[in-house]
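There are two complexes below, and they share subunit A, which is joined by subunit B in the first and by subunit C in the second.
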Partner chain A sequence: MPFMEFVNFYLMPGIVLGSIYALGAVGITLVFGILRFAHLAHGDLATLGAFAALGVVTIFGVSPWVALPVAMIFCAFMAIGIDKVFYDYLSERPKIIVVMSSLGIALMLRALVQVIWGVDTETYTRGIVRPENYWGIRIRDREIYTIIAMFAIVGVLWVFLQKTKWGKAMRAMSDNPDLALLSGVDNRKVTMLTWAIVGILCAASGFFLGINTELKPLMGWTMLLPMFAATILGGVGRVEGAVVGGLIVGIVEETSVLLIPGEYKAAMAFAILLLILLVRPTGLLKGKVL
Partner chain B sequence: MSQSVIEQSVAENIELPGYSGKPILTMTGVRGGYGDADILQGVDMQVSEQEIVVIVGPNGAGKSTAMKAIFGLLKVRGGSIVVNGTNIAGWKPNRIVQHGVCYVPQVDNIFREMTIHENLEMGAFLRKGDISDSLERVYTLFPDLKERRSTLAGNLSGGQRQMVAMGRALMLNPSLLLLDEPTAGLSPKYMEQIFEITRNLRDAGLSILLVEQHAKQALAFADKGYVLAAGSNRHEGTGQELLADREVAEMFLGG
Partner chain C sequence: MELIGLLNYAVFMAIFIGIYSLLALGLNIQWGFSGLFNAGIAGFFAVGAYSSAIVTAPESSVHLGGFQMPVVVGWIAAMIAAGLIAWPIGKVCLRFRSDYLAIATIGVAEIIRLIVKSEGWLTGGARGINKVPRPFGDLSYLYSQLAYLALVIAIVFAVYWAIERQISAPWGRMMRGIRDNEDAATAMGKDIKARRLEAFIFGAAIMGLGGALFAHFNRSITPEAIDPMIATFLIWIMLILGGSGNNRGALLGVAVVWIIWSASEFLTDQLPTEYAIQAKYMRVFVIGLLLQLVLRFRPEGILPEPQGVSSRTETKTFQKQESAAK
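Moving on to the complex of A and B:
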């Protein structure tokens, strides 16, 4: 197979899908690191974000790109609200109960999407977009925007975590929660801030999946396993790791069809997850041990 | 005695025999523990201005527990803990921090994934505005830390980690510092260094309550010591008195 064919039909779609996974995985890693539980409603929160953007597009007739920030803000408040009503209420209970409640939230969010938008497949825009040709690389504009947006969003988050007072407080809470409390960090504020960021990331992830493929009520749920695989592959609690992990899972999924039947594509994330847990449970970038 | 005389005497390194400043911490009949069982069965303790007070005693005597009780980390079911004239029993740690008490836990007392500098910044989390004066003060106390300020704290040696932990606690300019076994697991060289820093901090005006396994070394420079056993006071006196006491030496200091 010629090299450019590999790049155009396997590598580039892998990077695009990987960027979408990365946006989700960064959120999962933040919840894992700071709030210390596996957030199973992550995918369905992404679905909600994608459909919220669709709602803005259909009601106001604006471009999907205008709807994205609206969906981000909506999901941020949804995430804070869910935490207030459910997770915070259970915060003193064993973590497994919070994890199970997040599974319930996942089902509730999916039902909400199905009640409002139905169960049919939707798209942001109609018509076929042909890829542009850049020096032999065939890529659609929306695919370029997806990759750029992922790096931009994660980049802003990274600077926030490294340079600002509350970003450092989030890292401190992830690093040593007891000492963070002794230092006077307000646990509630850090938790709300984390959920706001997680909501924004979920909306972005769902939106970019929707604009590159289609919107389905199950779109987020099917992303959950690859996103968790990416999180653990990169190292739990590691934002950079989640990006690397997301890209690897995306690329492996897309290139796996060269070797195995396409039906098994979805199993690749599971294989990666299993392998990393066996070989290096702390992940590539040495995250927390689960 | 006026503040200026103290400062002058510190500057000239003059001993002030019999000097006892105003009390910073007064614990009276403190009872409490984790869950339902009382580990502390009525502990009395006093730390005055510019004093090092050492708590010694056998394992399980409630030394660290007493310290945690002061810092609001466990339920206090009786007695009072008065700091700077206010009873802080039952307060939450973040409020106690703002009241001028800082605590260095024995273990897990640093942010491993953060740099030395960020650790110190976290110590000053509750402060608004410029913190460069406190940073400068801590870096002057611990010159080793200044050189390595961008190093992740988790990559440091045990002694340097302890310095980061103490530095973090000093960032809020506390009036009372609680140190829980700061020399546990350290080499003799670092132990001596930590003790010297502790003395310097006292001489600079701080009051320090210290739980220490190296009881003999600590009592040698302590202004006052308390021997705890089974959750209550057993002996008290100046460091020298306790060292000279035969019963204390036999029972608690290993002969």
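Moving on to the complex of A and C:
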């Protein structure tokens, strides 16, 4: 197979898909690292974000790119609200109870999307977009924007976590919650901030999946497994690890069709998950093991 | 005539409650007694249903079959197959906190759904496996239903008895010990990984048996019958509402939730068709909400886990110490 064909039909789609997974995985890794539980409603929160953007597009007739920030803010408040109404009361109980609660939230969010928008497949814009040709690499504009946006969002988050007071507080909570509390870090504010960031990241991943493919009520749920595989592959609690993990999972999924039947593309994430848990549970970049 | 119809419906409901009871009892072994989070119940259910169907169904041009073994062999095959699927997953994931098991079991259920849909030679693809033999299937409709109900009840009681026996044995006490205080159990030299693996496989096998009973009752099994999320979630809410760690609670929860679930379907069917889709998903929303309410206001369920007098005081002081330590 010619090299360019491999790049155009397998590698580039893999990087685009991987960027979408990376956005979700960064959010999962924050919840996993700071709040210390597996947030199973993550995918369905992404679905809600994608459909919220669709709602803005259909009501105001604006471009989807204008709708994205609105959806991000909406999802940030949704995430904070879900935490306040449902997860907060369970904080004294074993963490696994919160995991169970988040499974219920996943179901509720999806049901909400299905009640409001129905079960049909939707798109942001109609018509077929032809890929442009850049020195032999065929790529659509929206795919370029997806990759750029992923690196931009994660870059901003990275600087925030490294340089600002609140970012440092979040990392302190992630490294050693008892020590962070003793040092005067406000647990409640950090939790709220984490959820806001998670909501923004969820909306972004859902939106970019929606703009590159289509919007379906199950879109987020099917992303959940690859996103978790990416998180654990990169190392729980490691933002840069989640990006690396997301890209690897995306590329492996897209290139796997060269070797196995296309139906089993979705099984690759599961294979990666089991493999990494078996050989190196801390992930590539030495994350936590809960 | 009306009375016969009502009786038929009641028997039909009772059989379903029996099948779900097996799933809830299986989950109770995993979650209630051992603290293992299985979010892929539908997967083990499907493996059981398909295994038993393949082993017992007559030959067909579309899927693997033609073994025509007795139904009992099919049930045993269902339990073995579900246990075999559980083994590697448990082996990899039980070393970690249950969060990892939750993710992995979601994955298993998805993979099993993919296999069922795409491997037509094995499972008949979208058409599924038909002509699955049904015990007492030759009798007239009502008698056949009643006979099957009796069979289901007998199996549920057998499983219930087996679990109760196992749980009141030293094994059960050890499992609860591991669940409540892993460090202490390790310090006493218990092999936590191996014990958890046993509980996980035991529970999965019973879920497989539940799947087999479902396939034989319907005389067929198709991919539509295994909606991973709804099926899994219903079992969870049944167990949590009824009382995890209490087998009678699990059975009660199954009956309560299944009656609410069916009654709400009956109500939404009365609505005009333009609201049909909305109403269908509102039911799902309400079930999700019900879980949140139970977790918040009555986490121990309707029938809490029974505790001996001496052990209760011990647990209380232990909990006090633990919260003080926090």
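Keep in mind that, in the parts below, the second predicted complex is superposed on the first by the 290 of 290 C-alpha atoms of A that agree within 3 Å, B and C clash if a C-alpha of one lies under 4 Å from a C-alpha of the other, contacts with A are read in each partner's own complex, and residues count from 1 in each chain.
Going forward, a residue touches a chain if its C-beta (ideal position, glycine included) is under 8 Å from a C-beta of that chain, and two chains touch if they have at least 3 such contacts.
This one's a predicted model, so the numbers in the text were calculated from it and none came from an experiment.
Asks: Could you tell me if A:A172 is touching subunit B, subunit C, both of them or neither one (first, second, both, neither)?
Replies: In the superposition, A:A172 touches subunit B alone.
Asks: Who touches more of subunit A, subunit B or subunit C?
Replies: Residues of subunit A touched, subunit B against subunit C: more for C.
Asks: Could you tell me if A:K95 is touching subunit B, subunit C, both of them or neither one (first, second, both, neither)?
Replies: Touch partner of A:K95: subunit C, not subunit B.
Asks: Applying the touch criterion given at the start, work out whether A:L209 contacts subunit B, subunit C, both or neither, answering first, second, both or neither.
Replies: A:L209 sits against neither subunit B nor subunit C.
Asks: Return first, second, both or neither, reflecting whether A:S183 touches subunit B, subunit C, both chains, or no partner chain.
Replies: Only subunit B; A:S183 stays clear of subunit C.
Asks: Touching subunit A in the complex: which residues of subunit B?
Replies: Counting only subunit B, the residues touching subunit A are 71, 93-94, 97-98, 103, 105, 108-114, 118, 121-123, 125-126, 168.
Asks: Under the touch definition given earlier, write down the residues of subunit A that touch subunit C in their complex.
Replies: It is residues 32, 37-38, 40, 86, 89-90, 93, 95-97, 99-101, 103-108, 110-112, 114-115, 118-119, 221-222, 224-225, 228, 232, 261, 263-264, 266-267, 269-270, 273-274, 277-278, 281, 289-290 of subunit A that touch subunit C.
Asks: Which residues, counting only subunit A, touch subunit B once they are in their complex?
Replies: The contact residues of subunit A facing subunit B are 165, 168-169, 171-172, 174-176, 178-186.
Asks: Where on subunit C does subunit A make contact in their complex?
Replies: 35, 37, 39, 88-89, 92-93, 95-100, 102-104, 106-108, 110-111, 114, 117-118, 229, 233, 236-237, 240, 277-278, 281-282, 284-285, 287-289, 291-292, 295-296, 299
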